[in-house]
Each structure stands twice: as structure tokens, then as C-alpha cells.
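Data block below; observations after.
First chain written, first letter: the chains are A, B, C and D, and each begins at residue 1.
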Amino acid sequence: MFFACFFEKLFVNSWQKSRFFMYSFETQLRPRYAETDQMGYVYYGNYPAYYEVARNESMRDLGTTYSEMERLGVMLPVRDMHIEYKRAARYDELLTIKMWLVEMPAAKLLHKYEIYNEQDELINKGTTTLVFVDSKTMKPCRCPEWFAERLRPYFEK
Amino acid sequence: MFFACFFEKLFVNSWQKSRFFMYSFETQLRPRYAETDQMGYVYYGNYPAYYEVARNESMRDLGTTYSEMERLGVMLPVRDMHIEYKRAARYDELLTIKMWLVEMPAAKLLHKYEIYNEQDELINKGTTTLVFVDSKTMKPCRCPEWFAERLRPYFEK
Amino acid sequence: MFFACFFEKLFVNSWQKSRFFMYSFETQLRPRYAETDQMGYVYYGNYPAYYEVARNESMRDLGTTYSEMERLGVMLPVRDMHIEYKRAARYDELLTIKMWLVEMPAAKLLHKYEIYNEQDELINKGTTTLVFVDSKTMKPCRCPEWFAERLRPYFEK
Amino acid sequence: MFFACFFEKLFVNSWQKSRFFMYSFETQLRPRYAETDQMGYVYYGNYPAYYEVARNESMRDLGTTYSEMERLGVMLPVRDMHIEYKRAARYDELLTIKMWLVEMPAAKLLHKYEIYNEQDELINKGTTTLVFVDSKTMKPCRCPEWFAERLRPYFEK
């Protein structure tokens, strides 16, 4: 409850206003038939993959790719995920996934997401925390400098 | 942070002790090849389906099935999900999913989950909230009495 | 063997030449991380969903949608599928799915598919047979006239 | 048509009779909610993963695992798959997957499958061809001798 409240108010009121101090990104997709279930809507367990599509496309928007990240020896396993489901999404309707990186990453990436349908109704909102891991040592590491450089402009006043 | 702390301490220390006042259930599965990703572990987005396997099998343990629930006009969409990932699970290793219903349901089901590998290491833990919905009106409804009856013995002193 | 031979020769040599007498369509997608497996490539079981993406988008190209088909009381279950895997596809590379309807449908839809990577190498090719089913009677039915009308121009000389 | 005929007759009549000269295996699973689609049945693209569950469990039945195969440097990518869908499977019903290896493998594994529901009705039948690949050279290789040894008893008169 508290969290929901906080999210709703603070998120909409202050984040949106201060959008020059965060990285935001938007992409679209259509749920596949495979992703519906017999309730007639998108299965709740498919949204983590949708969030990942947004993260993935945002990397391209930043001029790199997650494949590049892996080639350079850094993995990004997910540490934490939270999803609040508001409304069901249907097969083939055009969904808009909005995504925000709300702080300049040090050792982890904190993403926030909101998915909207064509009527601009909120389907769900969520957060994930990804940690930078060195793929040789399999130990946590810091955000690689070359990636930090790409993000820095979005977090400067 | 606060939540994690609370969860860790209170969960392990007091829930486990008071297990006669909750419904607990355990099931096992082996991750399929399809469920791994190129990182070499189970994809983070497959755990919601694993949690659902536990919910599903627990219904059978309670002497009913989720299909029966749907036939009787009640759906159980997921309202909320949280997962804390601690360790990666591998293809084909035997996972144990522990699940708890920590309060007698009124209008929703609050499940808690913990997944362990064969070395009894915690893979992840999570929670979901499901709401009872009347499939004719598509409005929230109360837990059907016939299902409440099956759960009541677990919540009585 | 025989089939492969036939496919290879006849397909490339004569179908491509006679393309005015069939309906052909092309779409693109990028494999998601969720769709790879620990071998490091797209899991073989994900291609049926990719083929379905092509069928789905082709409906839109024809000025309708599969949702519309279902609303009008016709379902299209898959009766038969064959896939010949030639090469592995990787996470996030841009795949082109080519699709052909090689005969004007009567009671079923016979699709052929070829998937290519960015180097224009063949990933796999396949076929599916879908049958028209009346969703009230659950019996096979003929291709609805309104849909046949949309396809007819592609099969006329 | 011809193929279907051949399969039906020869398969049932002669393979079953000569079962001492092949390796056969049987396993069971229940379709998950995630695996259904809005048509109310198991999505056609989920059966390749079910077939893989059978292959996977058969390895354990043979006293090894597919993980062991990979550790010893051999991969088994799928080269070919064919599925004939006869009937839809439903959420949570107990499916029996029957699987046959019909010839002693040299450079590839040819599996045949049949899936039955609780009423012993045929859901679908299929075949896959997997090829042995050396994971160092990524070239095709022969069936490893240690694995051939486990299979040989099933193919001797």
C-alpha cells in the first residue's frame, strides 16, 4: 500500500517533471498468440521478457547492444523484480513499454517500467535491479566506464 | 532494503515456527533446456511459471484443481509479484519449490515461495498476490466457500 | 532426402519465378534473450512462435487480423508442422522471415517459411498446415469468403 | 497423405511388434497454465519442449544425462522436426509422452514421439533428428562410444 502510494505520487509528480535528470526510453510490441493463456490475456509470466525487450532496445538507443556488453566480459543478471498488474493485455494489441533509469548506475542498474495499451491505459508497472558481473571472475563489478560515458549526459544538469 | 531485512528475519524465524497456522506445500521440478538462456542458467522470466506450478500442484494437494475453480466461475489473475534472485539455477538440476499461504484468504491469495537447489541453496524467493474474480461479471469476488473450507483447517489453532 | 531435394530445387527454381501466382510476405524480428538456450543460440522450439509472428503480421498486411478472424467465429488450429534447421540464430541479430501461401486456401492454409540472418544465410525453412474451424460447432469449415476475397488477387494471372 | 498412411500402418503394425529391437521410453507431464493460449489449449509451439522433456528423461533412464553429454564435449542440435497435430491438449491434464529411438545412432539420433491424454487419445505424433556435434570444433561427429554402449543392448537380437 505504502509502496503503491509512493510510487503513484512521487513517480508521476516528480520523476516526470525532472525528466532531464534520468534516462528514459520507449518501445512497442504486440503480444504473440504464444504469449496468451486460456484466460484470454497475456500470461503474467511473459512481462519479464517484455521488460527485457525494452532494456535490450534501450541499449541500441544508447549506441551499443547487450551482446557487446557480454563480448566485453560483463554480464547483467537480474537481482530483483517487482510487477504490479493493473489490467490485462490482449493478443496483438499494440503495447507501449516506457522505461526509466532513475539513477546513474554504479554497481547496478535500477530500471522502472510502465506498459500501456492503445487506449493509453496502464497494463502494469514494475522495477528490476540488474547487477554488473565480471564474466571471468563471476564477481560483481562496477558499471564499465565505456557504458557509463553513454549514460552520463542523461544525468547531468 | 527494509523489506529484504524484514523478510529474511521474520520469515525464517517466526513463520517457520508457527507453521501450524498456515498452509505450506512443496513440489519439485527440473528446469528444461528451453528454460535456460545463453548465460547458461534458467532465464529470470521463467520463475513466475515455476511459482504457478507450485500453486497448481497445491490445489491438487488440497483435493481440487485450478481447472475446477475456473469451471465453477472463478478466475485468479495475478495482481502483484515480487522476486528476489539469490543464485542461478541450472538446466536439469532438481529444484524444490516451497510455498506458503500465510493468511486465510478473503478476497485474495497471498503466496510466498522459496526455490532451493539440490545443495539446499536458496535460488530465489518471492511473493504473489492473486485476486478472486467472478468470470461472469469480471468483478472481484470473495474466496468461494467450498475452497475456503479446504483451507480453514490449516489456519485453525 | 527426397523431400529436401524437391523443396530445394523446385522451391527456389520455380516458385520464386512464379511469384505472381502466390501470396508472399516478409517480416523481421530480433530473438529475445529469453529465447536463447545454454547452447548460446535460439532454442529450436521457439521457431513455431516466429512462424506465427509472420502469419500474424501477414494478416495485417492483407487488411485484417487474426483477432478479427476469431471474432467472426473462425479458428485456425495447426494440423501439421515441419522444420528443417540449417543454421543457428543468435540473440538480437535481425532475422528476416519470408512466408508464402502457395495455393488459394479452400479448407486449409498451407504456409511455407524461410528465416534468414543478416548475412542472408538460411537459418531454417518450414511448412505449416492450418485448418479453418467453426468456433461454434468446432468442426472444420471452409475458408470464409471475406478472407478468400483478400487473397484471390494474389492467385490470379 | 502417403507419409501419414505409412506412419500409421507401419508404425503401429510393425514397430510395436519388433519392440525388442529399439529403445523405447515413456514419461508424463501436465501442461502448465503458461503453455495454454487463448484458444484454451496447449499452444502448438510448446510441443517441441515436451519432446525435449522426453529425450531428457530418457537420458536419465539410460544412466546418464544430457548435461553429462555436454560436459564431455558433445552437443546435440536439432536438424529436423515434424509434428502431426491430431487433437488439442488441455491445461493440467496428465499427458503421456511415448518416445522411440528406432535405429542405433551413428552420426544422428532419430526420435519418434506420440503424446496421449488421460483417455488414451492421440494428441500428436512427431519425429526429430538430432546430430552429434563436437563442441570444440563445432563439426558433426559420431555418437560417442560411451553413449553407444548404453544403447546397444536395446538394438541386439
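The definition used in the following text is that a contact is a pair of C-beta atoms (placed from the backbone, for glycine too) under 8 Å apart; a residue touches a chain by one contact, two chains touch by 3 or more.
Since we're looking at a predicted model, the values are computed, not measured.
Interface comparison, A-C versus C-D: the higher number of contacting C-beta pairs is recorded for C-D. With respect to chain D, maximal separation of chain centres occurs for A (centres as means of Cα atoms). Chain A and chain C have Cα centroids separated by 31 Å.
One inter-chain figure worth recording: chain B and chain C are separated by 38 Å, centre to centre, where each centre is the mean of the chain's CA atoms.
Taking each chain's centre as the mean of its C-alpha atoms, chain C lies 25 Å from chain D. Shared interface positions of chain C, defined as residues touching 2 or more other chains, are 33-34, 39, 41, 43, 45-46, 48-49, 52, 91. On chain A, the positions that touch chain D within their shared complex are 33-34, 36-41, 43, 45-46, 91. On the side of chain D, the complex with chain C involves touching residues 39, 41, 43-49, 52, 75, 77-85, 88. Within the complex, the chain C residues that touch chain A are 30, 32-34, 48-49, 52-53, 56, 65-67, 90-92.
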